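Two complexes, one shared chain (subunit A), two partners (subunit B, subunit C).
Now for the complex of A and B:
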């Protein structure tokens, strides 16, 4: 009999103390919330402390980016890629080293190399990329690189690039319309001549 | 606000405008639409409250949004609307081996059982759809319709989890009807009436005349009623019929889309009904807590709804605090704790009323 009432007393007090706890959390909601509204708010990224300056640490594995204005279409990155996820197509430039305004092509890279080729297609399938960084080393113009980190000045970091469609993960770096534009331009010139 | 009252009112307002029969149908439809609108708004509100309260209790934000488009509106206010649309546009699957007519009937039956209970709930001196002289008895009886619906749902799904869930809920609801009834009997003893309005008028004149403060037995009766009623709604901590970890989803396992929404909504309507009954029987119903102050009809609706909503809030609060009981613990609580104490309560209150004269 005593145990019966002791049990009732114990369970009542246990439930009440539990409810006291939860109501406290309810009223503390404003400052106690542990979750973030992700796309709008983010946790700050911790600074990397690996012993030396950020700039002298030149490997970061975030997302590839290509400065297409600097790319000379040498295909070295395509050959270096172990998973073959870079696809490059080029056309011979009609005037080596000259800008072609119609298709927004710039003739000379920032390293003042004259471009002999127009890059008509430069696709990287980021769903296949294994982030090995092997493609960035051979590039003579240093125009293919991982975003952020030591390259922060060229492209801010981007490691969150989920997409609703798998094909959206194929990044097209060549300027849109380059291929058709170039063909059309050559046809026009032929017609004029 | 009975149908007769509306009928006479409309008849005075538009004499000879409509035929007598049409007018009667109109007078019946008006409270129906009022109720339906109330339930819809209440449903959205309580689902939103449930999401937010549960999240705050767990230190989360709950549904949030920073605008429109694919966000759920400011503070996620559109989340219940999105949930509702989602449920209603989902594919409605009826299993091939299910007992089709019964499977289709069950969600309607449970919804009708909950819906019809509201008509006997008084929101004010004249604001009650049907002022029956056996109101409280009627609500208890109609509420038990849910058992049939749940067993139908469990049986007709032709699924072992659903059947287990249905059996469990039947056992649970039938068991907990007894302590709920026992503690209402105490109220009926004091008010010496089964009519909701007379139970409320017994409690007129401020907070200390409410039945819960009437004598030392009443708080116990209130707690027993509230917990038993909570058990009848099949909500955590009494959600054994649909305990996810054991029974997938219990009797709603095979339901989807709009039919599932009916089960879902009827749970929340049921919460309101039992909170309103608890408020009527123990907390003075639509009476203001201050004697002769804020006691006009508009305020009476406010008092009734706020008392009921407070109890609904307590149910949500309990749900996110207390873990689920085991089946044997559930039966132990009902048969070995609530029923003896409930019987003792009746005994005590009877003696109390006799001694008080």
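Now for the complex of A and C:
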């Protein structure tokens, strides 16, 4: 008998306290609203004010980008990648640090390193990328990075990239025709000599 | 008249079922509404984690550990780096330790929030689930502020961290905790003492102490059965021995010790304890210290093996690493806490009604990414 009434009491108080909470929330809804109408509104991105000097360290995770003019073809990013989504092929440059006009190759990076290699292929398959950021740390020229973050001035953030075809997610960063152009140029040089 | 036994029917729950928390198939033998046998079939999410680790270098393993238990990636990273540092005999500085503990405890709150919210959702309470996710979102924002990622962080490295915490992180974490503490009370009020939830979970799926121990169940599930066992207290790693906190143990307030309600309530209590730890860690965090100080130039551990265990939100996570002196692990074995929690399913779930089975499964808080690996 006591249990019967205790049950009724407990249920009523539980329901009332629950209702009190929800109704309370209903009237305070404007303050604590959590839903955003996504395509119109977006979450603000946190400001990247990092407490130590790290310049090259990229805090954001978004689409990978390569400044191919700065790339020396050291393959460090390819080796760091745990899922092997970066594919690099290089050819030896005829002269270290030489500009090759025919294929738009710039011999010296913005860190004034003389390039010994010509990058003929630099593909990143973003459909395979796991956004671990491991490739950006070992880069000696800081030319591979996730868009946005400290590099915002160079490349604005791009994390909403979608493509109709999976192959469209493979980004080719090396300049088109580099491999054939280089071969042709070497042949020409040989013929001249 | 005795119980009339009808014909048994085999019913598959999952692999695509929202209540199985991932891709899990439960084959249940039912007699009417009563379940007589439960056989979990897993492996739908098998990604060859352990074999794959034998082909990648030690630092490349960390992103894969993220993806095992995707609801508590920080804790998975933490376990791995603790094991590696023990193997390589690296000592990290105070600041790194404090940041790691802060992150791991924030992750514990986030994971438990999701678990309690989803447990309510399994039993039909929708509002608390949204509240829990809303607060979890604030924690993910803190992680995003720190390392850019919201779910899979790759934040803790062997010998340090990928980034130092940003300016203002400590303040925003305090702000979050001040906001969050009343919200836990709210969550408890609306969920834990609700008559409907108590009726559905108290005295249901009781896991006695001896069953929990013999099956190797760890973490909140074990503590809910009344065993006071927490690696942060009993076998302290990192700097957990410096902090004051209690280990909540199931007391059977609403029913029997070790029932679904206890497993659920222990997690709410643990959220409070984690808040305490974070406050202490933030208060004692040294202002200076390079998080890259003890990063080894080459990650090449000496020949040998190590087994190290840490306490994740789901329990005792162990890493066994066998090194042959090369930069690639010879063998890496992970002891998953959710796997043992799932194995006890038949023992505690048989004999209950079909709807209770889902409540029991929800209260065990399994993550299939970690079970299948």
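Throughout what follows, the second predicted complex is superposed on the first by the 135 of 193 C-alpha atoms of A that agree within 3 Å, B and C clash if a C-alpha of one lies under 4 Å from a C-alpha of the other, contacts with A are read in each partner's own complex, and residues count from 1 in each chain.
Keep in mind that, in the parts below, a residue touches a chain if its C-beta (ideal position, glycine included) is under 8 Å from a C-beta of that chain, and two chains touch if they have at least 3 such contacts.
What you see is a predicted model; the values in this text were computed from it and never measured.
K.L.:
Look at A:104 in the shared chain and tell me whether it touches subunit B only, subunit C only, both, or neither; answer first, second, both or neither.
P.N.:
Neither partner.
K.L.:
Once the shared chain is lined up, is A:26 touching subunit B (first), subunit C (second), both, or neither of them?
P.N.:
A:26 sits against subunit B, while subunit C stays out of touch.
K.L.:
In the overlaid three-chain picture, which partner chain does A:80 touch, first (subunit B) or second (subunit C), both, or neither?
P.N.:
Touch partner of A:80: subunit C, not subunit B.
K.L.:
Would you sort A:34 into first (subunit B), second (subunit C), both or neither based on which partner it touches?
P.N.:
So A:34 meets both subunit B and subunit C here.
K.L.:
Once the structures are superposed on A, label A:131 by its partner contacts, choosing first (subunit B), second (subunit C), both or neither.
P.N.:
second
K.L.:
With both complexes superposed on chain A, which partner does A:10 reach: first (subunit B), second (subunit C), both or neither?
P.N.:
After superposing on A, A:10 lies in contact with subunit C but is clear of subunit B.
K.L.:
Have a look at where A:60 lands relative to subunit B and subunit C in the superposition and call it first, second, both or neither.
P.N.:
second
K.L.:
According to the stated criteria, A:18 is in contact with first (subunit B), second (subunit C), both, or neither; which is it?
P.N.:
both
K.L.:
For subunit A, which side has the bigger count of touched residues, subunit B or subunit C?
P.N.:
Larger number of subunit A residues touched: C.
K.L.:
If I apply the document's touch criterion, which positions on subunit A are contacted by subunit B in one structure and by subunit C in the other?
P.N.:
The answer is residues 15, 18, 21-22, 32, 34 of subunit A.
K.L.:
Which residues of subunit A touch subunit C in the complex?
P.N.:
Interface residues on subunit A, with respect to subunit C: 7, 10-11, 14-15, 17-18, 21-22, 32, 34, 43, 46, 48-52, 54, 57-61, 80-82, 130-134, 137, 146, 149.
K.L.:
For subunit B, which residues count as touching subunit A in their complex?
P.N.:
53, 56-61, 64, 66, 317-318, 320-322, 337
K.L.:
Which positions of subunit A touch subunit B when the two form their complex?
P.N.:
Answer in residue numbers: 8, 15, 18-19, 21-23, 25-26, 29, 32-35, 37, 40.
K.L.:
Looking at the complex, which residues from subunit C come into contact with subunit A?
P.N.:
Within the complex, subunit C touches subunit A at residues 56, 59-64, 66-67, 127, 130, 134, 137, 141, 144-145, 147-149, 152, 154, 162-168, 186, 189-190, 193-196, 198, 290-291.
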